[in-house]
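Below you'll find the structure I mean.
When the chains are written out, they are named A, B, C and D in that same order, and each has its own residue count from 1.
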Amino acid sequence: MRGFASDNYAGIHPEVLAALAVANDGHQVSYGDDVYTEHLQEVFRGHFGERTEAYPVFNGTGANVVGLQAMTRRWSAVICAATAHINVDEGGAPEKVAGLKLLSVPTPDGKLTTDLIDQQAWGWGDEHRAQPHIVSITQSTELGTLYTPAEIAAICAHAHERDMLVHLDGSRIANAAASLDLPLRAFTTDVGVDVLSFGGTKNGLMVGEAVVVLNPGAVTGVKYLRKGAMQLASKMRFVSAQLIALLEGDLWLRNARHANAMAARLADAVRPVPGVTITRPVQANAVFAILPAEVADRLRKRFRFYDWDAHTGEVRWMCAFDTTPGDVDAFAAALAEEMSG
Amino acid sequence: MRGFASDNYAGIHPEVLAALAVANDGHQVSYGDDVYTEHLQEVFRGHFGERTEAYPVFNGTGANVVGLQAMTRRWSAVICAATAHINVDEGGAPEKVAGLKLLSVPTPDGKLTTDLIDQQAWGWGDEHRAQPHIVSITQSTELGTLYTPAEIAAICAHAHERDMLVHLDGSRIANAAASLDLPLRAFTTDVGVDVLSFGGTKNGLMVGEAVVVLNPGAVTGVKYLRKGAMQLASKMRFVSAQLIALLEGDLWLRNARHANAMAARLADAVRPVPGVTITRPVQANAVFAILPAEVADRLRKRFRFYDWDAHTGEVRWMCAFDTTPGDVDAFAAALAEEMSG
Amino acid sequence: MRGFASDNYAGIHPEVLAALAVANDGHQVSYGDDVYTEHLQEVFRGHFGERTEAYPVFNGTGANVVGLQAMTRRWSAVICAATAHINVDEGGAPEKVAGLKLLSVPTPDGKLTTDLIDQQAWGWGDEHRAQPHIVSITQSTELGTLYTPAEIAAICAHAHERDMLVHLDGSRIANAAASLDLPLRAFTTDVGVDVLSFGGTKNGLMVGEAVVVLNPGAVTGVKYLRKGAMQLASKMRFVSAQLIALLEGDLWLRNARHANAMAARLADAVRPVPGVTITRPVQANAVFAILPAEVADRLRKRFRFYDWDAHTGEVRWMCAFDTTPGDVDAFAAALAEEMSG
Amino acid sequence: MRGFASDNYAGIHPEVLAALAVANDGHQVSYGDDVYTEHLQEVFRGHFGERTEAYPVFNGTGANVVGLQAMTRRWSAVICAATAHINVDEGGAPEKVAGLKLLSVPTPDGKLTTDLIDQQAWGWGDEHRAQPHIVSITQSTELGTLYTPAEIAAICAHAHERDMLVHLDGSRIANAAASLDLPLRAFTTDVGVDVLSFGGTKNGLMVGEAVVVLNPGAVTGVKYLRKGAMQLASKMRFVSAQLIALLEGDLWLRNARHANAMAARLADAVRPVPGVTITRPVQANAVFAILPAEVADRLRKRFRFYDWDAHTGEVRWMCAFDTTPGDVDAFAAALAEEMSG
């Protein structure tokens, strides 16, 4: 059953699967001392700049928790949006594994601003307060919205002036770049982001993300932390080969553009349906909407998707690299049908 | 460059790679609610018995730390051999992620006995002592040795009498079954093991292990702990499909038998070489030997392998599912050549 | 310099100091197996009921973190007010030591309600969400406000219906009882609270709090957790003797009544001063007010006190067991003087 | 019932109790910003040198865990003797609270040597191994033995050459200084120790230890770590006043000399008794002995003491600042009587 529940219901992009087969040739040193992982460094440097260091890991929670640990001390706290994945969807791993306190801030659209950051950016030197050392933002956000490069630049400047570092959860960073029509570095390295979690799985990989260090001075001990966080792949070549397949050419961009286009098509198809309200700007590959609960329930029997907020009845529809126009059109038709039913 | 450094220098077995392609068909629910992971439960129950529950994870350290957490409370300690992977090769993850104290015991051969366990199995009720709640053994051991089913039965009985549970690190459990010529359950479920870490990666998978609960009464919260330990794969179908490919037929056994046979062939070829001493019984896919340091250094330029103990000059040679008789013979010839050089 | 900064600027009540001298007689078994700690159990049972178990600890953060750990599993989360001491004043210890996620809720007055709890009480069974297992409330609150017994009863019923337990941070529980004019059990044991942190230090002890288990079925391993949290006093008799001195007679009540009366006197004296606004109901021993920043700065040179919220200019004035009417009157006079200056 | 179970069965030295009363005068700023804690810095600098920084804490486990955290990163390991208090008597707190891996080494006498350290001092740069960053020694040791200053100097030089730091658990440091007849700094600051846990409770305080930083370059964040480890006393003046009472004059030395003398007296009295073997050099305030189990059991009904090793029948007798010659003589007489009974 196809659906719009999550971009990780999709499978492996054929080019990525092919790359796995190519990498499956003979022996390679394990734990990252292989030719694929070495080459991956060049690929990442090409996208993010010469100082970039990339550490492949298994999943997004792992990337976030390893990256955040590398940027912090045991007494650190992380300022983030209340809706941030690290705050609501990682089973408490940042607290449990890294001992980090998350200082979360409600936002209207999933985006921090310097004013919102300042709600939590205080108390340095006071040992009663976990020390705000990091600002973590998500691009594209969990609400399908985007920061402009200027907005991220302002956040980075604000944070750095206060001796805080900036972490970017880039689980859907390709969707952001595609939507902004900008190179990846334009809203990361070039505007002051220190460390990012690069997302591959949602954009066509089988398994593979990376802790990407843009500012080497911002981190210590990444390799030890990756191992201690149980994110060190023994046969790492196969994670790296996937990331290379995604990033060396333009597969990352083709996949993301496609997913974004499908979300736009879905929004366009749904917007005219009476009784359905699109609740967020559709800037990446997510569409959020409010519709009558009983309609949502009937529709869900035909296409899988999740509630976003059970209190308000808001639901989330995600498009993936393999969502087809036919999927979208069938879904929009079904929605219209159920609404009028 | 081929070599004998580790069984995880090998790639993906072709049948496993083929299974990935088959599983790459359409959408599947993420995070384990897919048809492959469902089917995997049956496959594991076929091997380990009807009460078995299998939780796929990314790697062996993850499997161990998730399994051990599920069996323990915050004040627990784990009795293990000093050479146990959890004690020496996991970057301190059991301590750092799970807060577990490891009560390690030196052993002659990597194997615990009831007497050795009793060196640490005491102090219950005394809050000054981290409480020994678990005995963790490895089969086959890190030294390439094997427990008999009777030995494991004795350990389990001893532990259970003291209200301790038994964890088995089965990173190379297939090699053990192949060498013992016994079903997997004969030395696990049937003799009282409560939870095991099932190893797939070293036996031909790309990435995939599992926390396998044999005694459901021994654990709580496995699914929460897997997520909190960052071991929950979003596209889990691809981990499960690999494990199915390994375990549904006899691929697990063919691969393990082959690796074991290669180790035996290697031992046989090396044993007659003057100046080389095989230091451990060769019961699985590992050969340990002492040879002159300068010979080891020269040989290492031709075939990669690791020191086991830099103090004694002991080295370790591992065979994998893809080690060929030609690899072995070439290595043995090179060793003989360097020894006489 | 006397002041209104904190009730822990005060010293030791003379009766407590005398009790230390009495307890300093000969040898006692360490770590709590002494006659004072034994007797303390009776004293606590007298106040809180026959099932009560009391575990003396060093400080309030310790009491909270030990108690919360005893009530939770590794994957638990704690619902609390955003202003809760555990959330804002414990240096992240609940996260760092216990791995707990705090699900905080903004409140108008420092008090949770069932509606506010429901903002975070959801997601059980979903491993992506740290599981809400505990509701933690503070009585009297960090804002000097009080729950009625009925309000706490409603919270406990609501929590228990959802298989959650209730923790009460009673750092200033004596002030609450004095103000409510009720026995301690009337708003704890009798209305369903499971575990509380009993505060002694702010009410006249030198050092001493206790984890007080009202519902023994709600906890496991308290003694191990107390040791593991480094809260086990070797010469525990001296902590217990202080708590006995406080609780066996009515010293706890006399001290709390006095502190509350001083806060009321302060509020009465300040309320008529033009330009000063008392911002919270004065229900215990705290007075919160907004006054011009430059007045606050001048006043602070004469009497020490803290900002509560630097954004709004709200300040906090605390009264202690040893605050005198003279202190209050001098402060009120100084305030009036500075306001008119 | 008096006995020889532990030096923390003793009470508060009268001079310390008197100091508490003196410090109980008026208001003091809490959390260490008081005149006593300020003065304590001078007192510690007098003993340990001008760079010394002292952080009062509640207990020895707290001092060790705070100090070790301040010296380490999240991926660090600590080399210690197998008998070290941090390894066997702290309920796993170093692992659970600080995430530290302890790399323990069996020793004949509780003392590390450079050779023993080298059993664990290896593997830097290998992320599979928790990184050895600290050597922790105890003076006097848990076995009542002493390091000479030269022995500690050798350990410090050895550690520093390998970029490791040295921590000293000085729970009974006064007994060591008294026995060596040397100033405290002679075997700490002057020979290269970086951080120590200074023990007060066993030497006559009610409650009070300190993290003492001898090399400020060796630590970061002590104040945050103290709070996060729940070791920050609100009414800290009373901990500091006790430490001042101990250290400003010679009370620390008088108490320690007396306890040591009582241990020597006990050893002298017991040594001639046939069937009793003193098993360790008596260099501080502890006597270890082996005697028939049934004799130990009968004797224990008259004087409390603990088994040290239930396997060998070794027992431990501790002397305290308040042990009297009469206590010793009565005990020795009872022992002789039970032996001949």
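Points to keep in mind about this one:
Here, a residue touches a chain if its C-beta (ideal position, glycine included) is under 8 Å from a C-beta of that chain, and two chains touch if they have at least 3 such contacts.
Just so we're clear, the structure is a prediction, and the values are computed from it rather than from any experiment.
Contact count check for B-D and C-D (C-beta pairs in contact): higher for C-D.
For subunit C, the chain whose average C-alpha position is most distant is B.
Per-chain Cα centroids separate subunit A from subunit D by 50 Å.
Note: centroid distance subunit C to subunit D, computed from Cα atoms, is 33 Å.
Spacing of subunit B relative to subunit D, judged by their CA centroids, is 40 angstrom. Residue positions 31, 74-75, 90-92, 96-97, 99, 127-128, 130, 224, 227-228, 232 of subunit D each touch two or more of the other chains. Contact residues of subunit C toward subunit D in the complex are 1-3, 5-6, 8-12, 14, 17, 20-21, 23-31, 58-62, 65, 90-93, 96-97, 201-202, 206-207, 224, 227-235, 237-239, 304, 322. Subunit D contributes residues 74-75, 77, 88-92, 95-97, 99-101, 104, 122, 127-130, 310 to its touches with subunit B in the complex.
Here subunit C touches subunit B in the complex through residues 31, 69, 73-75, 98-99, 127-128, 130-131, 220-221, 223-228, 232, going by the rule given at the top.
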